[in-house]
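What follows is a set of structures to go through.
The same chain A turns up in both complexes below, where it pairs with chain B and then with chain C.
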Partner chain A sequence: MKTPSPLGLWAWFAGTRVGRSIFRVGPPRSNLERSQAMVSSFLLHVQPAKVSRHSLRASYSLGLGLISLYLFFILTGTGVLLMFYYVPSTTQAYDRMKDLQFVVSAGLVVRNMHRWAAHLMVAFVMLHMCRVFYTGAYKQPREFNWLLGVGLFLTTLGLSFTGYLLPWDQLAFWAITVGSNIAGYAPVVGPGIKYLLLGGNTVGQEALTRFYALHVIVLPAVAGLMVAVHLFRVRKDGGLSRPDEPAEDAQSIPLGQLPTNKSYGLMELARGTTPQVGRDPDDEVFAWPHLIFRELLLFLLVVAFVLFLAVFWNAPLEELANPIHPPNPAKAPWYFLGLQELVSYSAFWGGVVVPALLVTALALLPYLDRRREGVGRWFARERRVANTVFSICLVIAIALTIVGTMFRGPNWGWVVPWRTPPAMTQEH
Partner chain B sequence: MHRQSLQKFYGWFTALGLLVGVLVGVGYYRDEYRPWKDYQRRFIREEIRRAATPEQRLLAQSTALQVRQILLPELNRVDRCTTCHLAVEDPSYGGYPQPLAYHPLHDEHPFDKFGCTICHRGQGRATTVEDAHGKVPHWDDPMLPLKFIQASCGQCHEASDNPAAPQLARGEQLFETVGCRGCHKLGGVGGIVGPELDKVGARRSPDWLKQHFLEPAAVTPGSGMPPQKFSETDADAIVLFMLSQTGAELPVFYASMKVIPSAAQGRRLFQQKGCIGCHSLGGQGGKVGPALDDVASRRKPEWIVQHFRDPQTVSPGTVMPRFGFTEAEARALTDFLLHQRDQKVALDLPSLMTPIDRGRDVFRKYGCAGCHGPEGKGGVPNPNAKTAQQVPALTYVADGYTKAELRKLVTNGQREIAALDPQRPVPPLYMPPWGSTIKDAEMDDLVAYLFSLKPKGEDLGF
Partner chain C sequence: MNPSTPTENEVTRRGFFQLTMGWIAGSFAAAATAVATVRFLVPNVVFEPAQRFKAGAPGDYPDGSVTFLEDERVFLVRRGNTFRCLSAVCTHLGCTVNRSEKGYHCPCHGSTFNADGNVESGPAPRALTWFLVTLSKDNRLLVDKGESVASDKYLIL
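Presenting the complex of A and B:
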């Protein structure tokens, strides 16, 4: 690399004795070195040395899963920083929020980043799920990875929900009160689950302690592990889904017939639907730099966007939590507002049946829908029925969420968002 | 092919890298630039200008820009007001424009022990003007307007005993005389028609309170509270008294400041401790000890104080017991004795009063006048009540009730008030049961007083 470039310095360093000891391979100059670069690095090894051109197409994956992963990284980083200041105590938590805002260097920006990245992660995990559905990517052999994805979606909701309580302001207190009440509507086990979650019948210090432990240890560990397996399975299941995948009985190549002129020959020992099987090598490019550079760019883009939000918009912080002064209406976090809207019609249907059915249906989906047509294409004609059903559910969920978010005022009555409701005097 | 596609990446990397860099820069600037630093620079410039010696000048120049705060763990507060208000303790800044003005009262209320927000309210942890002064959304406790600042004295000091807070004393006096307790409980004493007022000062804004006194229905639709006809100053005074009722439970150090010696407190002690059993004032009282009317001309103040501390030290052999008064109590009693003439303090000792006079006090104490009017003359509106849409006057209760019936009525109250028009809302005011509040002896006096309201010479009418 003769021309001065942002990577020039790095390339020079990687070529030095020290750099070589770290990276094992210097700046890759041949195809052999390009694949070695991937295989030699712990961080890059999770990805293949060569990827299909189709997988690089932004219009196919939209990068949604990767964006979710990056948001998870940002959340971990900012979360650790916030932990340096946060105290999970009902008498101190709120004050710590104020201190972050007023005296801690960059405290406000870090909190803002954490808050906005959390909302974005919930949104992007949902979008990622929609992408996977509309491209039929959950089908064999990726059924289990879809199941993991459903688990990750629930874990993401759990992370967001447990984090919601931690500022200990009115917003936090009453959103968690409403949210945990929805959990309590389940027959037989509901009250028990609610009690277990809150460590009592109402939101208090016990709930804050539990939510904190869940938020900073349990759920991140679960999510991290599941993300690792999720990515591992993406790789093992043959990379991103593509049209015209090999059938299950794709022939495995006997060891003796392995071509010897390829630098990545050993890869082909893998059985089944690895990227190398039944594929024209011309259709593939080296992950370094084609995939890695794109991933880095996307990371920069996500960081830039979250920073942009965090610098110009502050995370909400309302009054100190006051258990005897509920806001009217008290609303759950936005991703539960569709459920809350349903609950307002029927606690049993909205709080129990619908969410239970939805999660069950999502989990069983790849095992029920076993036709293999239309995989790897958006809105494939062959999948018209499935797509229509999914779209209808999606539109209903979005509509309910919008209604719950914007059109519900005091006493869950109908309000029109562009008209300010009359001032409420809460007289004793 | 590689090289060409890589060129494309470089452009993107540069652009996005720059974007992230710019955003980090903007974030850094917004974090680093804090308005309080401007105020501190202004203060340092002023200090440098005033420096008389090179040492002072050097000291001023080396002042670091930093958040300053008063930690008040007992009050669970952190007040960072002095980050901008840097000269509150420096009298030479008297008359300076804010935020560099000097704050008096420093000796009585050392700021490192009291902070600022315990009196001024606002948001002590905040370090921007709007947030700190508390006039922002989601902050319940904005700064108290200075004209109501005496309300804060009432958190620690007895309202009536603080000569430095005349408005507060006036507010309390109004509260106790216009009859607020007839409907509202305060400190556990009062009626149940309206809400309790123990924490009203923390809950309501000055504007809301004022409006509520002058035109209750305007801020609380359907309120049955009769509009009050206060003068501007009286309205402010009673608003101020309401604001002082924050219900804040202050830790021992602050609560122990409750008593500041005053003649009024001395007067109360004089009654409570039974001084009148041995001494007399204005001809009332015992003859064992000397009369105290002219004690101020006979004794020096130091002698009187010492006499309260330990009578034997100044008057050997005296039969007056040592009461164990606190220093504040001894000074309050002395104050009372020295100033009893100036203040024309009538003792009104209950044991020496007639039942009717005592009953009048009961009538005032429990706020009966709030609904039945001063001296029970009536005139307070109670919309849609059959009794001329007013709370009935009490002038002629002696004609309608026996003493036992009247006693029963006051004890049990009357929840249902006959409506003039059944279609309209029920009358908002009603008679609460007073049995658990008004003591037996008080009830006797009250009934005697109510019977006495009937004008003389009208007995012969039937």
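Presenting the complex of A and C:
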């Protein structure tokens, strides 16, 4: 007897009455059926039926956006599980974390997965942003999608920061104390924002309640919506950026000349971004199976990697939060340590001016840098200046982060990482 | 066709009125919602320890002592017959400062303060805050953390 393959099983099930009512089509065998498989499924129809080969090339996108998306899925799944045990109360939160570690079946792994996926997501969103920059993919018509991306980047940091307080251990308490005091340095609105964020003057129960609400519903909902629009725009902007793409104004067709009897094709033609415009059809392949199977494979790899980390390394949990004794040194999460390093020179410049300038520059970038040369290629020579400026900022940010993470010890004094007594180091 | 039906670009009195009223009503509703939401989020009552607290009898503090009161995050400083109270909250980013040989020292980013609470080194932008100390009717030291005073203001007994 032959062992049934998943596709064989699907073919059999799609042949039954019930199966047909659910799937409409079985595993596709012809090109027509490949298109049908994509458009007749709710989960697949958000993607196009055909994609260009360029978009599929792993060496172009490196799959970084998809990896961010999959990490977001993992975080949502494990986060919901954690909610079944966690209580956002200063007297209970810490004990609940201990329960998750030592009492709840698989609680340790779920917590570890959530924590490692959170760190990874921050890292991969940053990497994705770098990829988009170095390939010039933020240019017309994708300016707004870059802007959405900046919003997603900030929301990701917000998610991570609010989640940081929830275990209510020393690390949590002092990272948030330091972080919210940085916000307090903003001119005029600073103290008000800090009071609003903490629901009071110090980090306490009110702050925990607020951070919990932000972390489990407000920010995930905002992020989820923005991700949806982000992906919608990737498709509406004609798939991934590519070198031979005509500029948008060259593509647009005056509305009056279009046939009005087919509204669906009209929408895409009107934007000048159907896959047909300006491209050789031979350059395209069917999303099923070329795109779908790559996505599935990448998803499995991401889950496997997070699971691997979670099984072999435990997320840190320090002592119960103690408002009287700050740990020495008190460190923010790693992605804020570059800022904290700056803050150790001047809280106003490091905590307010530099981050505000950086975010403004990122948001304005696609509207200021409008030349079309070099779009769709890594490190294009035509973009030498932009690439150099970005790289310098990147190197400074990385250097500051490394200094803050590894070279700062007690009293924020210099330490050499390989000589630090282990009890003093604090990472994660 | 009604003869007064406006063509596409014509502004009629009614159209102008409707549009203006629409904008006003819309902005008002949006502004009211925004204000009410922000106002809702600003707590009217905070469940934090009272700003004024009794710090025991003056005699509890030996002459020349600097005592850390954990729960209040302050130092009580007695010199001769004078009493002062210094905030232990670092003015940089809110860590709790420790005593050091010359004064105070913050573990988080290494700010140091002299015995008067003034910044000696490090990123702290301001001196540590001194709080008003008075004597209550039942002869206890009364500290008001809502009231800051100059470093040379003492309670003299």
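Odds and ends about this structure:
The criterion applied here is as follows: the second predicted complex is superposed on the first by the 387 of 428 C-alpha atoms of A that agree within 3 Å, B and C clash if a C-alpha of one lies under 4 Å from a C-alpha of the other, contacts with A are read in each partner's own complex, and residues count from 1 in each chain.
One rule holds for everything that comes next: contacts are C-beta pairs under 8 Å (C-beta built on N, C-alpha and C of every residue); 3 or more make two chains touch, one makes a residue touch a chain.
Worth saying up front: this structure is predicted, and the values here are computed from it rather than measured.
When the shared chain is aligned, no partner comes close enough to touch A:D369: not chain B, not chain C. Once the two complexes are overlaid on the shared chain, A:E143 sits clear of chain B and of chain C alike.
In the superposed model, A:E295 makes contact with neither chain B nor chain C. When both complexes are overlaid on chain A, the residue A:S344 reaches chain C alone and has no touch with chain B. In the superposition on chain A, A:A310 makes contact with chain B only, while chain C stays out of contact range. In the superposition on chain A, A:G199 contacts chain C only, with no contact to chain B.
Contact residues on chain A toward chain C in their complex (touch as defined above): 174, 177-178, 180-182, 195-196, 199-202, 204-206, 323-330, 340, 343-348, 410-413.
Interface of chain B with chain A (complex): residues 2, 5-6, 9-10, 12-14, 16-17, 19-20, 23-24, 26-28, 30-31, 67, 76, 78, 80, 123, 125-128, 131, 138-140, 195, 219-221.
Across the complex, chain B is touched by residues 5-7, 91, 95, 98-99, 101-103, 105-106, 108-109, 169-170, 289-290, 293-294, 296-297, 300-301, 303-304, 307-308, 310-311, 317-319, 425, 427-428 of chain A. Across the complex, chain C meets chain A through its residues 38, 41-43, 46-48, 70, 73, 92-96, 105, 107-110, 123, 125.
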